[in-house]
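In structure tokens below, several structures.
Both complexes below contain chain A, partnered by chain B and then by chain C.
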Partner chain A sequence: MNLRGAWALIKRTWLSWLQERSFFFLLAFGWMISPLIYLFVWSTAAGAGTVVGMTRGEFVAYYLILILVNQLTYATSNWTVGDMIRYGYLSGQLLRPLSPFFDTLASEIAGRVVFMTFVIPVTTILAFVLRPELQITLGNGLAFVPALAMAWALRFIWGYALALLAFWATRADALVALQDAFIFLLAGQVAPTVLLPGALQSASVVLPFRYMLGFPVEVLMGSLGQAEVVRGFVLQACWLALALIAFLTIWRAGMKRYSAVGG
Partner chain B sequence: MRHLRLIGSFVGIAIENALAYRVNFWISLLHSLLSFGTGVLAIVVLFSQVEAIHGWTLTSTLALLGTYLTLAALRRLFIGPSLEALAGLDGEIWTGTFDFTLLRPVDVQFLASIRHWQPLVILDLLMSGGVLVFAVVQLGRTLTLGSLATFLLTLFVAVIILYALLLGFAGLVFWSPGFLFTWLFNAFFQMARYPVGLYPGWLRLVLTWIIPVGIMTTVPAQALVGGLSGAMLVGSVAFAAALFVAATVLFRTGLRRYASASS
Partner chain C sequence: MPQIVVENLSKTYRVPEREPGLGAALKSLFRRKHREVEAVRDISFIVETGEVVGFIGPNGAGKTTTLKMLSGLLHPSSGGARVIGAVPWERKPAYLRRISMVLGNKSQILWDIPPVDSFRVLGEIYNVPLLEFRETLDELVALLDMEDLLHKPTRNLSLGERMKCELVAGLLHRPDVLFLDEPTLGLDVSMQTRLRRFLAEYNLRRGVTMILTSHYMADVVALCARVILIHHGCLLYDGALSGLARKLAPFKLIKVSLGNGHMSAGADPQLPTGVELLQRDNGQLTLRVGHDDAPGITAKLLNTLPVLDLSVEDPPIEAVIDQIYGDGAVNLEETL
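Entry: the complex of A and B
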């Protein structure tokens, strides 16, 4: 393992992204808007009362945390990896004494650094304006960390595996768009998953999408019972393991198939 | 007449282009279905928990969503791609190829606004029309010729407002080349997917007067479900006209600042 090279690559990427921060801040701003809309809609719906036991302040807290978690787990590389393969840029990366995985990981980490420098101040200001209601217990706070880490890993690896299908199909990015739609509906963006009607709610518990975004937020908010938290962690770990297997299989098979277009 | 012929040939070229890529048709269909499906389901989820918010019910909000989807589709039909080619990522003003556009013997604003068409957006228009028809049938209101004409008039006014706003945002690029103003507008435009009445008071003011995306969808939806006052109708027509003039002035003032770009 060429760890020194990997570290240099990671650092270079985030420094160069910080150089172009106005572009990335604009991206981050755009991603914030959809959860913000639902924050406003649900808190207006709750008004002075409650919707399924959630008050206005709790909706605000839920969505502000969701905005943070969303930007911590949203993998931009899901979109760029496919282009790398289609345009043949992957060839250049393959020639380096370092797996192309590190290029993706580097942009992944650079994304976190750049987006957080925008999103943390903005959500802090929003929290002062919108006054969330949130009580974090020590237990919930501690459980949040692994839930968030696994959510990031799951969303990243899962999306990476989908993007790698570009080895076979030129328009594999359609699958990434499909995944974003599922995340919007089932991962707690359009509504906290407890508020989803019947069939959608059962789907959200079983399918992987909630474990990429909504689950850590619910853990931190303390809205889940102990049994539900445990079941959530088990399902999250299972989906992560599956995603890893899928990723490795697709990567190996894809590498054998890959041939760049020359120019 | 000459302008109409020009539009005709741009549309013709776009159709020939679109027909050449068959897979793109299916991908476009998928994207249309996704934006349609997530939009409708989001509203169904919201109103599965609450009866009405500030007088907006499931059906009237669906009528508004239909209006939003129609507007979004009309935007992607030609206004969006044309202005994106001008002021978007690697747009003409950024790269300096705008020189060639300036040299053409046609009015620059006209040419820049209608050059690029996306014929496959017809799919979105069909689906958004379906949402509108469904909402009207659900409301059980018999549409008179008069209210239908009012709806079409308000929709036309909304397209003018949308065009003026996009032209204004795109025109800002002359002052700050490289900043993606059209992306900034995208973020605000998303907020038009819900009635302004669902947002808190201060945001309602912003969406009505400062970045008036709320007017674009709320007024036509009110024309359809009832509740549109005559003053509001006249006011929005005058407002659209003023905005159109202001955006044109802004664009032409900016145009004089253009100093090309060289490599």
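Entry: the complex of A and C
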């Protein structure tokens, strides 16, 4: 593997994105709006009491962590991969002795850094103003790290596999939009998954979307029992393995198709 | 030594098609029609190390498809090719490190950062040692006279300046084979001339094998002693550029200026047989004669008419190519 080249790509994408930081800051701000609305809705609903055992301060903590996790796991490149294929820009990347996957990965890694330069200060200010209630134990903190890493990998690889369907369908990014809709509904954005009605809650536990966003937040908040955490990790790992298999299969078949029809 | 060997290479695309109108669009949702397009048909040729070959033909002739197969972007439908001993479409990193493709309409340079940053990344991707990278960059920058462009954001560069950067990006890893697809597309005449001069000089210095496609015949005339002509995917001609003109247009043009008395009379002077008068303009006649008859007719003109000035020329290559690209192209396969 050409690590020198991959690292250079990350640095280049950083440089490029920092030139357009105001655009990315606005993008990051846009992604914060929806969780912020639900933060205010649920914290108002809780008032001085609780909603399904969660206080106002816990809702604030939940949504501020969700904002951070959402921005750390949101794969922007899933929206651009389809265009790369559709407009033939992939050809330029295929001419180089480094897989185009690294271009996408570089965008993701560089993107996280650029977004965090905006999101961390903003959530810190919000935390001072809105006073979240959060007690992080060492165990929860340690479990959060792999849960977050796998959430990022799952959301990125799953979305990437969907975006690669652009090898066959002109506007495969509609599927990425559908994935975002499911994440909004089932991954803990519109409400923490414990608040979802019966059928939706069961669906959220089984389907992959919660493991892309809500699960690491719940782990850090300590709102899950030990058995639920273990089951969550197992399901997250299974979905990640499935996403990797889907990605590799679609990638190989897609490359065959691309080299049959040209860019 | 052959650097590129192409044997019976063919490429057929399967393209969707439908009738115009809403009804046909709805119908195509359920049942799609396809048609086969033979983009490249059974072509074979060899390119020697250091050769510069012009790949010419009208739009849709199959030039870019062939280049894409040779650079490894496309799998052929049948036939084979070896470039520097490798099968291109296996796209092995060792092969990709030794070739480069510069596309006039697609960029390798990132829009938002200065070209020098893009060059550094390419140096890393191709594993170019730092010292060699600096030497190559200095050489290319000097040849293209673009020192002042290196640190400007790419978005602020003109089309010609960006094309210079594309060439540097394509040559930083010192490829052995360079594929150039319309490298002077959209550039002004002066920038075209500079890039041609650069490519000729670079070929001399480094002995790089080049295949060039261009719609500007001046590119081909300036750079390529040999041309390969394809039309409707078939190879129609492979040889010297001058030979192409002789084969397609086996005549010469004689331009002759006569004394005032002869030109003012209004009537055309008595011309030898086998001469066709093409144009009469400001005291100058343009005559078309058979290629082999040119010496004899020239002597006759000098003996029988009061010639002030006379020149014998080949027909302009643009006129010859226009003949191929135009309606007469269908008959060309028989001509050749």
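We adopt the following convention: the second predicted complex is superposed on the first by the 258 of 263 C-alpha atoms of A that agree within 3 Å, B and C clash if a C-alpha of one lies under 4 Å from a C-alpha of the other, contacts with A are read in each partner's own complex, and residues count from 1 in each chain.
Note that in this section a contact is a pair of C-beta atoms (placed from the backbone, for glycine too) under 8 Å apart; a residue touches a chain by one contact, two chains touch by 3 or more.
On a predicted model such as this, the values are computed, not experimentally measured, just so you know.
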item: Superposition on chain A - do chain B and chain C clash or fit; value: fit
item: Touching partner for A:5 - first (chain B), second (chain C), both, neither; value: second
item: Which of chain B and chain C A:114 touches, first, second, both or neither; value: neither
item: First (chain B), second (chain C), both or neither touched by A:81; value: neither
item: Which superposed partner A:91 touches (first chain B, second chain C, both, neither); value: second
item: Touched partner set for A:197, first chain B, second chain C, both or neither; value: first
item: Chain B versus chain C as contact partner of A:22, first or second or both or neither; value: first
item: Minimum distance between Cα atoms of chain B and chain C in the superposition (Å); value: 6
item: Contact residues of chain A, present in both the chain B and the chain C interface; value: none
item: Partner chain A, residues of chain C touching it in the complex; value: 13-14, 65, 68, 71-75, 89, 91, 93-94, 96-97, 99-101, 103, 106-108, 110-113, 117-118, 120-127, 153
item: Chain B - residues contacting chain A, complex; value: 23-24, 27, 30-31, 34, 37-38, 41-42, 44-46, 48-50, 53-54, 179-180, 183-184, 186-188, 190-191, 193-194, 198-200, 203
item: Chain A residues touching chain B - in the complex, by the definition given at the top; value: 22-23, 26-27, 29-30, 32-34, 37-38, 40-45, 51-52, 170-171, 174, 177-178, 181, 184-185, 190-191, 195-197, 200
item: Parts of chain A lying in touch with chain C, wherever the complex brings them together; value: 2, 4-5, 7-9, 11-12, 15-17, 19-20, 88-89, 91-92, 94-98, 256, 259-263
